[in-house]
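In the part that follows, the structures are each spelled out as structure tokens.
Look at the two complexes coming up: subunit A is in both, with subunit B in one and subunit C in the other.
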Partner chain A sequence: MIRQTLLAALSSLALVAPAAAADAPAEIKLGTLYASAGRYASISMPVHDGLKLWLAQKNAEGGVFVKAFNKKIPLKLVAYDDQSNTGTAATLYNQLITQDKVDILVADSGSVLTSVAVPIARENKMLLIDQTGTGAAFFSPDNPYIALMADPVSTIWPKPLADFLTEDGPKLGIKKVAMIYSTNDFTGTQANTVRKLIKNSTSGVELVYDQGVPTETSNYTVLLNNIRAANPDAVVHLGYAPNDIAFLRNLADSGVRFKFLFCIYPGLETELLEKNVGAAGLNGVFTYVPSSEIAYRSEFGMNLEQFKAAWSKAYGDGKVEFGFNSVAGYTTGLVLEKALAQTESLDQLALRRAIFALSGRLKTIDGNFELDPQGAQIGEITPLGQFVAEGSGVRLVTVWPHDVATGKPIYPAP
Partner chain B sequence: MLTYTLLAGLLFGLYFSLVGLGLNLIFGVMRIVNLAHGDFVMLGAFLAFWLFNLFALNPIPSLVVAAALFLLAGLPLYYLVVPRLLRARDPEMLSFILFFGFSQVIEALAAIAFGTSERSIPGGALARAVAAGAAFLGVAYTPGPIALFGQSFPIAWAASGITGTLAVLLVWAYLYRTRIGALTRAVMVSREEAISTGIDVHRVSAIAFGVGLALAAVAGVLAPFMLGSITPAMGVDVTITSFAVIVIGSLGNPLGTVLGGLVYGVSYMFMQSYYSSWANLLPYLLLIAVLLLRPAGLLGRQVRRA
Partner chain C sequence: MPRLLRHTLLILLPLVAALALAPALYGNHLLLFNVIVFLTLAQGINIIYGFTGYLPFGYVGFFGAGAYGFALAVMHLHALPLVALAAGGLAALLLGVLLTPLLRLSGAYFSIANLAAALAVLQIVSNPALESVTKGPYGISLSGVFDPALAYGVALAILAATTFLVIWLRHSRFGMALQAIREDAISAAMAGIDVVRGRVVAWLLAALVAGLTGSVYAWYISVFYPETVFGGEITIFAIVFALFGGTATILGPILGVVILYGIYNAIGISAPQYFQLIYGLLIMGLVLFLPNGLASLLRRRGIDVP
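And now, the complex of A and B:
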């Protein structure tokens, strides 16, 4: 009996193993969108190029190892340009799923262009590999078809900022805070978090100006005058890179000075911001300290130095700047690589299980990869930093939380 | 806050008068809609950017260089495109499609050439140029913001306001104080009658087309200072706003653009101050309101001929 069972088991194994190898696809289709033009091009292209860099490396090695087929399989990138247009993006996401029948669906960068992918992926039961779409509304217990790869969810981003304002702020003399934000999922969620944390604190810090502006806003001169009229001790500006560029340029041109100014993108896309507002425009500005600034101990894939070198070699023309988003695109590739090496099949929920199995166990150039049950990224942190003058340039100093701080905040900022 | 918003609106409006002026001039003379107008503004902006970065040429002399180059480029472009377009059964409608295509091509080529990221010219460059000009004229000015009626504004706003005003005056002088301007107005009234009286309408139109592009280029040189930064994709937004401005003023009447620009600028700044989340809806709301209540525009005397 035992002998018969063993024989039967061996026979089935003999049948299954070659079948699996034979069933292996010639390539794994990875479908994604990018924005070569429009408002989100400067955050989309670095992410896309970072992902392409990973993909080129893997294909140069003969493909990515897929456990389900026990072999390396080449990757094929199917990528369309959505031109930063959500309507176009919706059509193209559908096309990737229904026409191109991609194996893996990767969202474009940022919450705005990801927002349209969330319901489409869910409806088609495709796992959305969300690269940097951090809007909190994307993640819910009834949607298993999303996982955030390379950015913390927006509710986590501003916590160090709000904690600094409410804990260290009063000691420095910060009592009145002005907040201006772009009305989109990414910055709107962060504004809600800052508002909530300040209101719930017992520090005595209060919001004296709290206004949302369209994401397309390109001139802040009148708004700056209105903020100045509120006489705040600290100003928080939450916007995308073009918003930060316009805000900081208008600030410099109008001669208005704030004792504390926070913007998101000086830390995330330092190279781009420095090109546009100059080192003097960044001096004293508080910002997030992202993975492109912190050399995390990477246990999988390239470290920051190696990645920077590979980036410079691949994209040395300077048309797309190195920054946080380029790291994010590469990180997406690393998570996929690790998940494919563990997944039992290319079934979307199997892929999801493989990705979730990495939660808390993967350390990359981007820091700790950790997901909450809804697929939101919670492992990465965004410490608060401040740019300080160094020679003819600026250097980012981490000022909060205290346990990771590399310097003390300068308040009032120079 | 009220005074500041009003003054800012007027200055911002003067800039948008300049932005829309070329579009309206071309429509007024040729009855064609240049949907690539914003892309010519973008090209003017990148010309200024590269002149500054390669030759350290200041934005003020760049205004002259850009105007001259685009005027010259406009002449052959006119002869290449417009006469064929005007022979069509419905040139106005066809121009929409043709210049939309132009817009797409220009944007795509610009993205390949310049990349997709934001680019700027330092605000200090403009301030230094103004300071040099002020010193030449014997006017005291230290680089930095400028005080107007007790309110402090970036120098770029004053420079844009002055440039916009000068451009309007020059267009007025061109139309009402020169022989070619008189001929241009004749073409604007009736192209057929102008032809029958022996006016070389193509020559007149080509010059108007060149002037229209030159005005777009001048607006483009100031765009890095007024619109935060520049990208190859900025053209579409600029075209939409320009279109709203000229419809508010009066489609086909270049000087109506001034009123359209001022109404747009002041309304936009008040929206930004008091209902900031809704500010970007303004061009569309004004467009709808004007088309419903006064289809000829604020300065229009009758519904224009389609």
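And now, the complex of A and C:
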């Protein structure tokens, strides 16, 4: 009887084992978009190249390990160029899902090009691997088909900045704050958070200038005069990289100096900003300290030094700058790798479960990976830093929060 | 058989049937939905430009107004999608009424003033000070009413109604009166045609068509920014599609959308870096060699284009 049972069990194993092997796909298709031209090219290409770097590494190792098949499977990248156009992007996302039938759908960079993918992914029941689209409108309790990989959701970003202004600010003499921001989802949401935190604080710090301007703004000359007329102790400018470049150039040309100036992109895309406004233009500017500057204790994947070296080797031509967004693309790959190593199948909801299971338990080059129940990234933080002159260049010093600070703020800025 | 019935049976019914069956044969449903959207908008352009000669560069303003009318009805009034759809159409109609004085202008002046009006509406909608009403520049999410299959069906119904309207205009006294106004407004008035009434009705019909299309677009995509529904390329595409096929005809805009939007997607997927070059050359060729569209090619050979 025992022998019969054993034989039956062995026979069924013999039948099942080849079937399982046959089920394993020859490759895993990873579909994504990038913008080689247009308004979002400067944030899209570094993310795309960061993801490609991870993918090339994995394929050089024979593929990525997938627990569901207990073997390494090569990755195939299917990537289309949306040229920063949302209409084209929408068609191409559909193309990836319905015609190319990709196994994993990865969004282009930034909120605008991600926005069109959110309903498409949901309609097709595909999990959208959202790389850096931080728009709060994307995340809702009734949509399980999205997870944000590498950027904190927009409301998280400016908290260290606002905390610094309201806690350390008064001690330094900061009482009056001027804020100018581009009216788009990414920076407008941050402006709302800064406004709310300053108004809710009991520090006595007040907003004396609060102005939204179109994202297309490229000349800030008149606005700079208006800000100066408000006589602020600190100026916060929230815009995309082209806005920061225009703002800092106009500021240098005008001869106006602010005692405290914050801009987003000098920290995120330092190479790009330094190329466009020079080291002198960045000296003294406060900014976010991104993962591309902080050597987080990475427990999975390359550390910052290794990643920089790999980036230089792969993209030594300098066409795409190394920075925060390149780390974001690589981080997307790391999260996918870890999730595939744990997922029970390539089913989209199984993949989602595997990704959510990593929440709070994965530390990469980008910091802590942590998701809220809707899929928004809340683990990463964006400390406040300040550029200080060093030789002929500048160096970024973290000044807030105190527990991660590497130096003291210089106020008034030089 | 009356021409109205013949064209309904030979053009409208096959078009609607093909688009109704297409989702079962082709998986990229958004592309099919966009075909319906541009077919409807191109017919909307046909109504105002083909029949009256007014070229509205800011036609997307009605589309965006419809999308936001739909969104506001859903967000603030918790309206059902079909009721919100009516609200979107009404919003575009109201904008049309507000912009009626623009009809006093003509030619390029009208086109530019209309474009400026559409940009003004975009700036108002995306003003951060109106965040509590329109969500400002921060984007709309209508995930609660997300139903792409039903939205597709409703979009098809709007296309059918719009195409039928154009068929009627092509064969009715009113449509002939509009064309008479387009050719020579003074002569038309002398012949007893109410020029102002004719232009205003055509203008509002075109606004309603774009508004309803914008509404159903908002319903289908459910997550969007102001730039998504007020994007200038929506107008450009609709105008180019209508002109390419031939305005003041029923078939012209349909041919324009099928051929040009087909090429657009083929290039957009295979060689997007050449898209602007190829599309630009196509438009230049159209203006230089075929200013009255494909329909004029057939007419030159004595073929009647419905």
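Miscellaneous remarks
To be clear about the criterion, the second predicted complex is superposed on the first by the 397 of 414 C-alpha atoms of A that agree within 3 Å, B and C clash if a C-alpha of one lies under 4 Å from a C-alpha of the other, contacts with A are read in each partner's own complex, and residues count from 1 in each chain.
The criterion applied here is as follows: a contact is a pair of C-beta atoms (placed from the backbone, for glycine too) under 8 Å apart; a residue touches a chain by one contact, two chains touch by 3 or more.
None of these values were measured; they are calculated from a predicted model.
Superposition of the two structures on subunit A shows subunit C clashing with subunit B. In the superposition on chain A, contact is made by A:Lys319 with subunit B only, not with subunit C.
Of the two partner chains placed by superposition, A:Gln342 touches none, neither subunit B nor subunit C.
In the overlay built on the shared chain, the residue A:Gly212 is in contact with subunit B and with subunit C. Contact with subunit C, but none with subunit B, is seen for A:Thr88 once the two complexes are overlaid on the shared chain. Once chain A of one complex is fitted onto chain A of the other, the partner contacts of A:Asn59 are absent, as it touches neither subunit B nor subunit C. Of the two partner chains placed by the overlay, only subunit C lies in contact with A:Ser115; subunit B stays clear of it. Of the two partner chains placed by the overlay, subunit B and subunit C both lie in contact with A:Ser36.
Contacts of A:Phe138 after superposition: subunit C is touched, whereas subunit B is not reached. By the touch criterion defined above, A:Thr183 lies against subunit B and subunit C together after alignment on the C-alpha atoms of chain A.
Among the listed stretches 60-68, 96-104, 168-176 or 186-194 of subunit B, only 96-104 clashes with subunit C once the two complexes are superposed. On subunit A, the surface patch touched by subunit B in one complex and by subunit C in the other comprises residues 36-37, 83, 183, 212, 214.
Remark: subunit B residues 1, 4-5, 8, 12, 107-108, 111, 114-120, 122-123, 127, 144-145, 152-157, 225-229, 231-233, 237, 269, 272-273, 276-280 touch subunit A in the complex. Here subunit A touches subunit B in the complex through residues 35-39, 41-42, 45, 83-84, 183, 211-214, 216-223, 225-226, 229, 241-243, 245-247, 249-250, 252-255, 272, 275-278, 317-321, going by the rule given at the top.
Taken together, the subunit A residues at the contact with subunit C in this complex read 36-37, 80-83, 85-88, 90-95, 97-99, 111-112, 115-116, 118-120, 122-123, 135-138, 140, 142-143, 183-185, 188-189, 191-192, 212, 214-215. Subunit C meets subunit A in the complex at residues 26-31, 34, 123, 126-128, 131, 135-141, 143-144, 146, 148, 220-225, 227-228, 231, 233, 265, 268-269, 272-273, 275.
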